[in-house]
Amino acid sequence: MRKIIAIILSICFLGSVSFAKKDTIKIGAIYIFSGFAATYGQFAKQGLLLAVDEINKSGGILGKKLEVYFEDSHAKPDIALRAIRKLVFEKKVDFLVGFDSSGVAKSVVSYIKELKIPTIITHAATPDVTGKQCNKYVFRVSVNINQNVMAAAKIAAKTKAVKWTTIGPDYAFGHQSWEYFQKYLKQLNPKAQFMKTVAFPKVGTEDYTPYITSIMAANPDGVFISLWSGDLINFVKQARKMGFFDKGYTILMSLGAATEVLYALKDQMPTGIWVGTRYWFLANDSPVNRHFVEAYKKRYGVYPSYNAQNAYAAIYALKYAIEKAKSTDKEKVIKALEGLTFEAPAGKIYIRPGDHQAILNVTWGKTAYDPHYPIRILKPMVIFKGEEVTPPVSATGCKME
Amino acid sequence: MTPVLKVEGLTKCFGDFCAVKNVSLEVMEEEIVALIGPNGAGKTTFYNVVTGRYKATSGRVIFCGKEITNLPPHRIVKLGLSRSFQITNIFLENTVLENILAPILIREGLGLSFLKNLHKCKKQLEEVYNILELIGLSDKANVPASLLAYGDKRAVEIGIALATKPKMVLLDEPTAGMTPVETDRMISLIKKLFEETKISFLITEHDMRVVFSIAKRIFVLHQGELLASGTPEEIRANPKVREAYLGGSVDA
Amino acid sequence: MKRAFYALFLVFLFVFPFFSGMFALLFATEILILSIFALSFNLLFGYTGLLSFGHAAFFGIGGYAAALLAYHTHMGFIPILLLSAAVAFFSACIIGFFCVRRDEIYFAMLTLGFGMMVFTVVHQWRSVTGGSDGLSGFSLPELSLLFTKFSISPPKTFYFLTLFFFLATLLFLKRLLDSPFGLIIRSIRENPERAAFIGVNVNFYRWVSFVIAGTLAGVAGVLFVFYDRMASPSMVHWTMSARPVLMTILGGARSFFGPVLGALVFYILEYIVTQFTENWMIFLGCILVPIVIFFPDGILGSLERWIARRRSGE
Amino acid sequence: MSEITLINLLNGFCYGMLLFIISIGLTVIFGVMGVLNFAHGSFYMVGAYLALTIIEKTHSFWLALVLAPVLVGVLGTLTEVLFLRPLYGRDVSFQLLLTFGLLLILDDGVKLIWGAGYHSVDAPRLLSGTVNIFGTSYPIYSLFVAAAGPVVALVLWLFFTKSTYGKIIRAAAMDREMADALGINVPAVYTAVFFLGSFLAGMAGVLAAPLRAIGPSMGDKIIIAAFIVVVVGGLGSFPGAFLGAVILGLVEAFGVQFVPKIQMALPYILLAAILLLRPKGLLGREG
């Protein structure tokens, strides 16, 4: 009984006592650690811890050690919100990083503004959080839909395909990807046609055969696919069995070059199809990238996925910003993040002050077999300069206060 | 005298099997009548059709001059035809008082009083105590029904039927499974009720001793058909009835 | 003894925000909201004998109605609450009309089916509900009371607002269950067939109970949406319907405060367990199984029984 | 009929047969014991995970197809003996809740053992590749699954109508008291039935493994579909489960083709319509 009372009391007082030690910088990280996309969280956590350990080993930031708290968003906005509250009010974190799902990111940014806590989005790609929903506290170091899809459209415009269709997850991300793809491709190739038959299976769909059948029956020239993680794996397995990849369609998978997908599929991933990513570990031969890939491979036994790189880069972005501001004061760090340019494994990243969106290179490529790697790699690889594929701030709808 | 219950050509079939075949009978006001027959004769099915638990295959049931064939049970009860069950069928987790109170509240149309406290239903509670006295359970009002002795549970069963203020009650083997002492108590209870309330009763019963001591008229059901009807003496003398009982399954 | 305990608890609820931390305050608010939800569920399950696996439909309908009103209008909190409760009321009228015609497993399946239908509507009707992303980014309505306007955004204000609805729900349900209506639905739970033979229109009373439960769940949904500042499809999913079921079983379906205790224990356990492991569901399952087998009356029910036995033993 | 319609017909049938094998286990258990097993989908998932491990270790799909269902059957047997026995005679809600608790345990349990990520296995070499049907290449493995349904149906039918054990089970299903009186060991029958039902769920899991990504939530999704199948067909009815499974399979396949917007809601609309119009299901027994 006494124990129960003790527990109840300790819960009542949760967060009422501040444990904040002056010599640490606390970071809250929110990713998907369970369900159909749990590998995303796993990779992000690995990349993030790698960065944190590196920084702490070399003396921390301004002499302060980093401390990270992880929370699971379950890919659901309401649970992510609870995680934010827990991190901010109970763990008293100074900064937040994370968010895989666009839906989650969109739902929480206004609350983040209310809490006034600087946040770096490392994965969610919806243009809105650095567009019409942008605010002072929210930054993104990763490629967004605009950038990824603009690159896709540039590739699509160079192919012979005229009639295009899509398969994407049935939520804002899938629909927006297709919307932007049509918009950009139409600009580049006015002859492009977009079919009425499109497929938007629910996230977490088990059986893709009806969708695959209806797409194949429509007989398109090109198929733009924005499925991701478990869904993409499921889709590729079933599509392969149905001969979807033998029909000679031009296929673009906007997130096909995610290493977690490639690892899960291994040689079930067909070769010769166009895949995009938000970071490719072989795309950049800089010392920073070589170091990152090596250290990552050594520590975890696999090649880093884009989500690992993004989380890694976010921690370094914070490091550089805090050092630039010479303070961990939130407002000063925000000032420092705006316009920050730094070297990440993905290459040079510039955080545009106007909308807090990172400008960085975007990689696409064709899947290919290589005996040196257990997974498909990209050959040939096409790298787009960040500026080429990013719309100007004026086109994003962002009005920063 | 006018008939309270009038059944015309009632038939109930389950697929090919007909448990009740073309049964017609009448029960008058202020009359106790028994319905007897060997096991499986269709007595309970007959009750179930008359009280709306099953839909009739054909035939009509008229109660107090109103056709009630195939009405839902609660409507039939509201018209004044109540019943008891062969297997004890009461609200076990509720107290004895609540068992009796519920039908009274429903009868008075108070079922949807959401905010009135049960203790404030003074008039209805008074009625409950009257019924409890009648069935001899005044001292057990606040006992959960599940804790009662078997005979008392059967008495509650009858109390519930009375609480609906019926013009007629169908009793389905009120003494089933009782000890001789309990049976005697039940018989005197039924007699007392009849004398005090003048409700009509239709009783199915295995125990011939009970039947002949209570009923003024008897109907005999055999394989779903009405075999005979008449006074106890007539039934006793009827050769067809003897044959049915001896030729059919043996009853206690 | 019991009264003193409740009085103490009530006092605790009132003074709690003045010494608790921010996180605990939010935590407590959420528990109170879910308690309302679980209490409403238990009117059906514990008192009418109907196991619903689709109760979240009304939680979600109320919530989405509130989110949409907050998004598109400038109404105050009270009009939004009343309108949303009305929407939940009418949906419960319609869905309940069909569901109460069936018993037991069929009722559970039917409610599950209808619940998931509501979920699909919420999930597919992107232009209105925001699809799987849900609705967010609306500003919180203001509460007009005594000619003054309050913002409900400060956590303390919102806590007291929730506490008010929580206590109101308790009082309302207590009176309801001690009323003739309460006796009738308990009788239906005990023995639906017998109830018909005392003149109860069983389906009708079940329907009324269903509608009351649905409306209360809608109110809980409204509070939840403003607490979370979003309406998301997971509010309507069957896994959300499973929550009050678990809470009620945990606390005790036959005890008036069972669902409240269940919600409290559920959240505290979840909080403690998730400190150590991400696999909180396995833990929950491991608690649920022995409770179902050995303590079907839940924590509070078993406790009450134990106390009663000790008292009668002494 | 257009080519796409024919292919959809095939798709629907193939998915339907997978559903059938899952649902028949569910309905056998319900028909005999009156227990609606919420954890049935989790048994299916465990079957798929076991197949994954067995195939990784031995590289034999066929061994997995034999071994995994037996292991799942044993798991089901333990469940029945340890957890469900104390609950017979109590309100059905408790059985539903108990099996729901098991679902929670199993869903998280596989995460502890196999991790949270997705896995995949290949179809056996014999069945990989495609054949040309209606001018479209169609995977042989899907045809195999489509054929497995009728085979399972036939075997079960023979078992229940021709073998002594099958007849005993049917007797126990009809009337427990009667079976008791006839000297049938009813508890043993229940255990055997639970083994059979879980075995079938496990088998469906193995069959599904090469078709789908193997992940911790695969059971939750399928259990709802299986519920719908058995309710539509008629709880406890064998031919009903077959019919229900085919209908649901076709509804899913053609829903995508004709009404993609509300396709997701179709199974639930079907469920509600059946429960309201024919509460005992299409082929359910009157009573």
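A, B, C and D are the chain letters, set down in written order, and residue numbers restart from 1 in every chain.
To be clear about the criterion, contacts are C-beta pairs under 8 Å (C-beta built on N, C-alpha and C of every residue); 3 or more make two chains touch, one makes a residue touch a chain.
Model, not experiment: these values are computed from the prediction.
Listed here as common contacts of chain B and chain C: no chain.
Here C is the chain whose Cα centre lies closest to the centre of all protein Cα atoms. Using CA-based centroids throughout, the chain positioned farthest away from chain C is B. In terms of their C-alpha centroids, the spacing between chain B and chain D amounts to 47 Å. With each centre defined as the average position of its C-alpha atoms, the distance from chain C to chain D rounds to 33 Å.
Chain centres here are Cα means. That of chain A falls 74 Å from that of chain B. Separation between the centroids of chain A and chain D, computed from CA atoms only, is 37 Å.
In chain B, no residue reaches two or more other chains under the touch definition.
Listed for chain D are residues 111, 264, each touching two or more other chains. Touching two or more other chains at once are residues 33-34, 202 of chain A. Touching chain pairs in this entry, ordered by label, are A-C, A-D, B-C, C-D.
In the complex of the two chains, the chain C residues touching chain A come out as 16, 19-24, 26-27, 30, 123-124, 126, 130-134, 136-137, 153, 228-230, 232, 234-235, 268, 271-272, 278. Across the complex, chain C meets chain D through its residues 45, 51, 98, 101-102, 104-106, 108-110, 112-114, 116-117, 120-121, 123-124, 238, 242, 245, 249, 279-286, 288-289, 292-293, 296. The touching residues of chain D, when paired with chain C in their complex, are 36, 83, 86-87, 90, 92-94, 96-98, 100-109, 111-112, 224, 227-228, 231, 235, 261-262, 264-265, 268-269, 271-272, 275-276, 279.
Chain D contributes residues 2-4, 7-8, 11-12, 14-15, 111, 116-120, 122-123, 130, 136-139, 141-142, 211-213, 215-218, 221-222, 252-257, 260, 264 to its touches with chain A in the complex. By the touch criterion given at the top, residues 51, 53, 72-74, 77-78, 82-83, 85, 89-94, 98, 101-103, 105-107, 110-118, 121, 160, 163-164 of chain B touch chain C in their complex.
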